[in-house]
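Next come two complexes, and both contain chain A; in the first it sits with chain B, in the second with chain C.
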Partner chain A sequence: MRIASKYIARRILNSIIIIFLTLIIAFVIPRLSPGDPVDIMQQTYGLSNEEAEAIRERLGLKGNILEQFITYMSYLLRGDLGRSYSYNMRPVSEVILTALPWSLFLLGVAITIRVLIGVLLGIYFARKQGSLLDTSVSGIMSLILATPYFLLALIFLYVFSVKLNLFPLSHAYTYESIQKGFSIEFIIDVLRHSALPIITLVIIGLPSTFYTMKNNMILLLNEDFVYVLRAVGIRESRVTRIVARNAILPVVTSTAISFGYTVVGAVVAETIFSYPGMGYVLTNALLNKDYPLIQAIFLMLSITIVMANLIADILYAFLDPRVELR
Partner chain B sequence: MEVMNPLIMKYAYNLIAILRRYVFSTYKGLFGFITILVFVLLGLVAPFKAPYDPNAIVASPYTSPSNEFIMGTDYFGRDIFSRLLVGTTYTLLVAALASTIIVFIGLFAGSLSGYFGGLVDEVFMRITDLFMVIPSFFILIILSAYLPPNNYLSAIVLGVLAWPTGARIIRSQVISLKTQLYIEAAKAIGAGDLRIIFRHILPNMLPLVVITFIQDLVYAVHAITTLIFLGLGDIKQPTWGETLYWSFATGALYRGAWWSLLYPSLFIVVFSAGLIMLNESISTTLKRERFGGQT
Partner chain C sequence: MMKRIYSLSRYWGLAISIIMIISILHIITTPIHTYSQITNQYVWGYPGVGRGNLNPFTATGVDSVIAGILYSTSLVWMAPNTTLIPWAAYKWEFKQVSQNLTELYFYIRDNAVWSDGSPITADDYVFTWKSIYLPFNKTLDPFGIWRYVVSVEKISDKVLKFTLARNNSFIFAVVSGRIAVPAKIWGPLVANMTESDFAKLVVDPKSDLLKVTSGPFTLEFYDPNSQAVLKAFKQFFMGSPHIDRFVIKFYESTQALIPAIIKGDIDSAYFSPTDVPTVKGVPGITVEPMPWSNNVFYLWTNNQVYPTSLPELRIALSLAINRVNLANRAGGGYGIPRYNFFPPIADSWVNPSVNGTNTQYDPNKANQILDSLGFKKGSDGIRVTPNGTRLSFELAVPSISDWLVAAQLIASDLKNIGVEVNIRLVAIPTYVDIRSKGAFIIFFGSRIYSVYSVYDPVSYILYPVFDSKSTAPIGSSTPGTNWARVIDPNLDQLIESAMNTDDPSEYKNYVMKIQELLHTNMYIIPLYSIYDIKVYRSDRIEGIQTGLQTLDTLLSVRVKGAQIQTTQLPQATTIVQTAMVTTQAPATVTQTGSQTTVATIITIYATPTPTAQPQQGLGSLEIAAIVAVVIIVVAVVAALLLRRK
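Right, the complex of A and B next:
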């Protein structure tokens, strides 16, 4: 297989630039607010002046902006993200590592299901364009687009958890009754807890995948090669399969671009469903003004998003042989 | 009878002609237009005509809807209908502010980078790369911990962060317009760059700008409402998100106070749906005109 090495090298360079810009944003943000965060902490936690000075030293808020940046980078490169105030002064990296798997689980499952359903629906309705069912599906998609994610999650929580009592209200698993580990009971329990966040994340992301797939299918179905395929007598189901395989490429790109929005969706989902992932931790950190934790999660999630995009780009290079031409 | 100012008449006729062509030509457009008109009117009269003072405690907490309080009362016993009406004014103003900033910066940056290319374009593309990947709303959430909770401030921050997506679209449109014959003709008779951009390129971008503006309105309403709902925005000023925040935070879900969740949700969804339908109407008409006949 030919690998578009030049293309991939450029993508990697691009990602490095973006990560560097994110580092700068994470560095600049705390310094934008009037007064420094330590002042606010001093009021909130009632610290003495010496303690405040010590924290300032520790957070790298001393000296001029260049010195501060060097301190910040040196902490970061050592993997030292500071300690979290709202989580009993535990190291930030530890808090993040316990939360990250839950978020990755939600995101991974939700995106996989969303792409599967979106692609299948897109293929189906590209052939049924203009039918009554197609019009009503488009109407539903518009309605989904008109609903902010948190509202959808709220409606599902109300209907399926409060009213119908089908799913648990919060958390990732039942804390008291079940032993953690790879037992069937535990897995079922985890799935039941994650069902609503995943279903809502799938629904909210569906329109973009659906429309990308459907519009691209329609475009390709009008191409000359489809005419030729039909003319030589290839069965319609096989024609659809060939066209679909080509139409799926932009879905990879659109999923990658919308990945950041899916992460934001997960932040909201985890907050509403009290699911112990990064988003839940982030909202708590924001409400408690836990600055080291906020900065670390911002960096973590940004780097995750950039990496996901890079992987999608590289995947694209493998899937589409024409990419080398660019 | 006195004759109206002919210039105003001309603009009014133009406006009606444009509306008939792009908006009234489809059911979706008509419906969207009426919806938005209703919301704008509500937003205009709300500060004077709300049935109760939105901040006054007028009944016991979570009184269910009745003739007296048509949408019931909230946790504090304030009239939800009045709060949502006044909230309409705030929400519209905040969304319009954010969208205007997004469109202005987007137009400026997009047309400069598309027209001049070279280093300007390279820098522009790198900056937009960043914001295409990291959603502006994510940065807004992070910033909320450092900035005072204020709706207008949130709108300005969102505007300053969210312009790159629209700017990219405008940039590619400028690039394709740049090579058109009439631009070359303008250059040949000695028109300067600025004149070409403002006189010849920007007027042709109008439909695109309107579509971007409407999209941004939906985005801004959703983003700022979500921010408030998470408790990270202004939770004092009456807005649609504020009512939802307090209802959720005070357990309306479990108390059966459905009205305090349903009505603000309806305001958000109906308003957004109106904007989306308006946009779909404009873009299908544009497509039909461009490709002739087929939709």
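Right, the complex of A and C next:
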């Protein structure tokens, strides 16, 4: 394994450029739709035009879009993400910090479980290729792949929460449990509340991991070195383990690439399950044209996705000694 | 050693799997108690999130509801059905000083205390009026109704005097719902504040300001994205609530409330008419329309843009729309057609001689009017004006289900008279922008009116919607809600005269005359109103009220079978059930705690009977079953096909 420092520096530079471009897009697109947040405030609070103009100035919404962007960047470089209109001018960083842990938990657990199950199923069904069970599971996976996430989430919500009463319907915790601080009861309560969003996120992301792993396994199982391993009398379970180690590499990359889709899924999940994470906050920010909050969330998402890809690249080199980063 | 650890690691995966399976089984098999079932609490579902500002003067949305509960110090309440309810004051007296000057004395309850145990006194009210309401009236009183307040004085610790430059019952609109805050806590805060500073004042839910409140509940917990929990205040002057806690759970949308109430996660919520069929008939759930309605859906026509600047065209559009059909279908069976411009709550002010003029369904007459204007139908059936403008309008609608239904019905009705309507779905911020800046020919939308419109329809209905001071040129945002850009000097003159008169009969005459102008010109087109619908779990709770909405329900609601510990209601706390309100108050009126004698106009609000029941579709269970069967069939077919290949 050789990791060229030049390569990493180049990738970091690329990442910064990508993040900056995302930042521009996140800044421009909300402003392209008609109206600005002060119009909404003006209607809500019955502000006069003079008052509205004063607020516009204070919020950095005066001037053309370039001037607004320069103002925004000057604050951003000083670490000031602005204040959220839809959360009564609370600092954006504060709003995000309230919601972020919930999303990280949801995404972290969902991705981990998804990769674990996807890889195991991929290994198993690669060996059972062509069996009735394999074709059935593959069919179901194709079906899941074609199912819109919101539909799956709604069905699960109705069946497992409303009808069977197995899981809570919404939110992340109950008031009773949070009163007890970080206790076993609180952890169980949080797990119970996050179960449905996590299960749906796992299911919706499972096919991609499953197919990647299974296809790689099938390809590698037909490689010459596998015949050699078998010929020298190595047990089949050991052969599978060796092949799986090689087949898992693309899963790492695809997981990083699909991270963005999982984030989108989490936004929908949080909205449907009224889960108080970033997606829930983002939905409210979009509805209220809360520019600073929208920008900050997109900035954070882009940083996360770009970083995930960067880490995947570097990790790839660690996992596969043949890979050389230049 | 390392080898040993390595060999043990083989079993880690198995061990973790077993632990996970046991954990999952434990979670699944532990019975789930929904919030309401745990303790003696009432859970209300709210479609939206908190904003983290519990300033009782400027909070919006659900925060204003919470702040209103925390600071429940209004001297008297005027219920939406015009009932007067003594609250922090157990009685009041009028004294007519002169023709234009009235003194109003309020007697504060002896048992009225703040949550720290200190008494609520006249000083607190005097402070609140002199230091907050009156100096910051531009922010807090957009309709300028407090201009009638000449002075607020303390007579004794428990007696308060208002001097008002008005001699009729509008004064209840001045004082009803106006809370007081503790002078000792808020005094230092607002001492040197400008109005602009006050408008920006955010009261954080964790603020020390909220440690001294006065309502039936105190704030225990608040998460803007999740829920607010309020704890009963046993010393509340109107008696202790029967519940220990009031929980408000925030949901992403109105649709999210449906499974929540079916499952029992929440006890109660307001539903839109189109969502009602999904819960109606579910065992344990009661659906009850509110006995009053304060909204009107209008077709707003831009009065400054051709061709809707023509009154004849506006009248034709009005005549072409079948309001009964709209009310029945878009109102989900809980709508009422409107043939005048006022919400049902203000029906007592409707001019009977013009009610229905140009608002009755008559498509033939509408066609005749358009023919007489020379608007000829083209080959596609759509009319064209003499100057070549095609009568084809875009109708911007946010994606709210019952609004879409209404827009579709309007489009269909207008097509019958040769007017094409293209519905355009827009996001709510875009809709607000189109509406506010006048970027429309026609648009559909509702206007929700203050309960005070019952007392002063000029300040609360006519001025904000029709006065030219409430509008702005096209392209600029309107300061009021004159979105239709109505600019009529005659109308302005009448509104101004009505706002300046102290003579109730003169005032009423102006209101009648204004309505004549409205019906003659049809500046905007009233269509229908809907009743808010309260949906609650009657199998779990009882005592739901429909008067002051949240407040009276919070005092009467009980969890069935719960152990109740309450304090006795204070003496002389008799809520007026059937008070009558007048626009011509006698010179001296004394209210003694049980009945008010002011009365000439009585408004009766009957609980509406659904005019039509929407057709019941498949139940959710059936739909889920069908979806499951389809999934299985598709999976099996896919499996067989893949196997063959």
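Here, the second predicted complex is superposed on the first by the 279 of 326 C-alpha atoms of A that agree within 3 Å, B and C clash if a C-alpha of one lies under 4 Å from a C-alpha of the other, contacts with A are read in each partner's own complex, and residues count from 1 in each chain.
Here, contacts are C-beta pairs under 8 Å (C-beta built on N, C-alpha and C of every residue); 3 or more make two chains touch, one makes a residue touch a chain.
Predicted model only: the values in this text are computed from it and were never measured.
K.L.:
Determine, for the superposed model, which of the two partners chain B and chain C contacts more residues of chain A.
P.N.:
C
K.L.:
Contact-wise, after the overlay, does A:T283 reach chain B, chain C, both or neither (first, second, both, neither)?
P.N.:
both
K.L.:
Classify the contacts of A:V162 with the two partner chains as first (chain B alone), second (chain C alone), both, or neither.
P.N.:
After superposing on A, A:V162 lies in contact with both chain B and chain C.
K.L.:
After the superposition on A, what does A:L191 contact: first (chain B), second (chain C), both or neither?
P.N.:
second
K.L.:
Classify the contacts of A:M307 with the two partner chains as first (chain B alone), second (chain C alone), both, or neither.
P.N.:
So A:M307 meets neither chain B nor chain C here.
K.L.:
Looking at the overlay, does A:L21 come into contact with chain B only (first), chain C only (second), both, or neither?
P.N.:
After superposition on chain A, A:L21 lies in contact with chain B alone.
K.L.:
Per the contact definition in the header, classify A:D39: touching chain B only (first), chain C only (second), both, or neither.
P.N.:
second
K.L.:
Could you pull out which residues of chain A sit against chain B in one structure and against chain C in the other?
P.N.:
Overlap of chain B and chain C footprints on chain A: residues 33, 37, 142-143, 155, 157-158, 162, 271, 283, 287, 289.
K.L.:
Given the complex with chain B, which residues does chain A contribute to the contact?
P.N.:
Counting only chain A, the residues touching chain B are 14, 17-18, 21-22, 25, 29-30, 32-33, 37, 142-143, 145-151, 154-155, 157-158, 162, 257, 260-261, 263-264, 267-268, 271, 282-283, 285-287, 289, 291, 294, 298, 301-302, 305-306, 309.
K.L.:
Note which residues of chain C are touching chain A in the complex, please.
P.N.:
Going by the criterion above, the answer is residues 23, 26-28, 30, 32, 34-35, 38, 49, 51-53, 58, 60, 139, 142, 196, 199-200, 202, 221, 223-227, 229, 247, 249-252, 256, 259-260, 262-263, 265, 427-430, 432-437, 439, 472, 476-477, 479-480, 620-621, 624, 627, 631, 634-643.
K.L.:
For chain B, which residues count as touching chain A in their complex?
P.N.:
Spelled out, the residues of chain B in touch with chain A are 126-127, 129-130, 132-135, 137-139, 141-147, 218, 221-222, 225-226, 229-232, 244, 248, 253-254, 258, 261, 265, 268-269, 272-273, 276-277, 280.
K.L.:
Help me check something: in the complex, which residues belonging to chain A touch chain C?
P.N.:
Spelled out, the residues of chain A in touch with chain C are 33-35, 37, 39-40, 42-49, 52, 54, 86-90, 98-99, 130, 132, 135-136, 138-140, 142-143, 155, 157-159, 161-163, 165-176, 178-179, 188, 191-192, 195, 271-272, 274, 276, 280-281, 283-284, 287-289.
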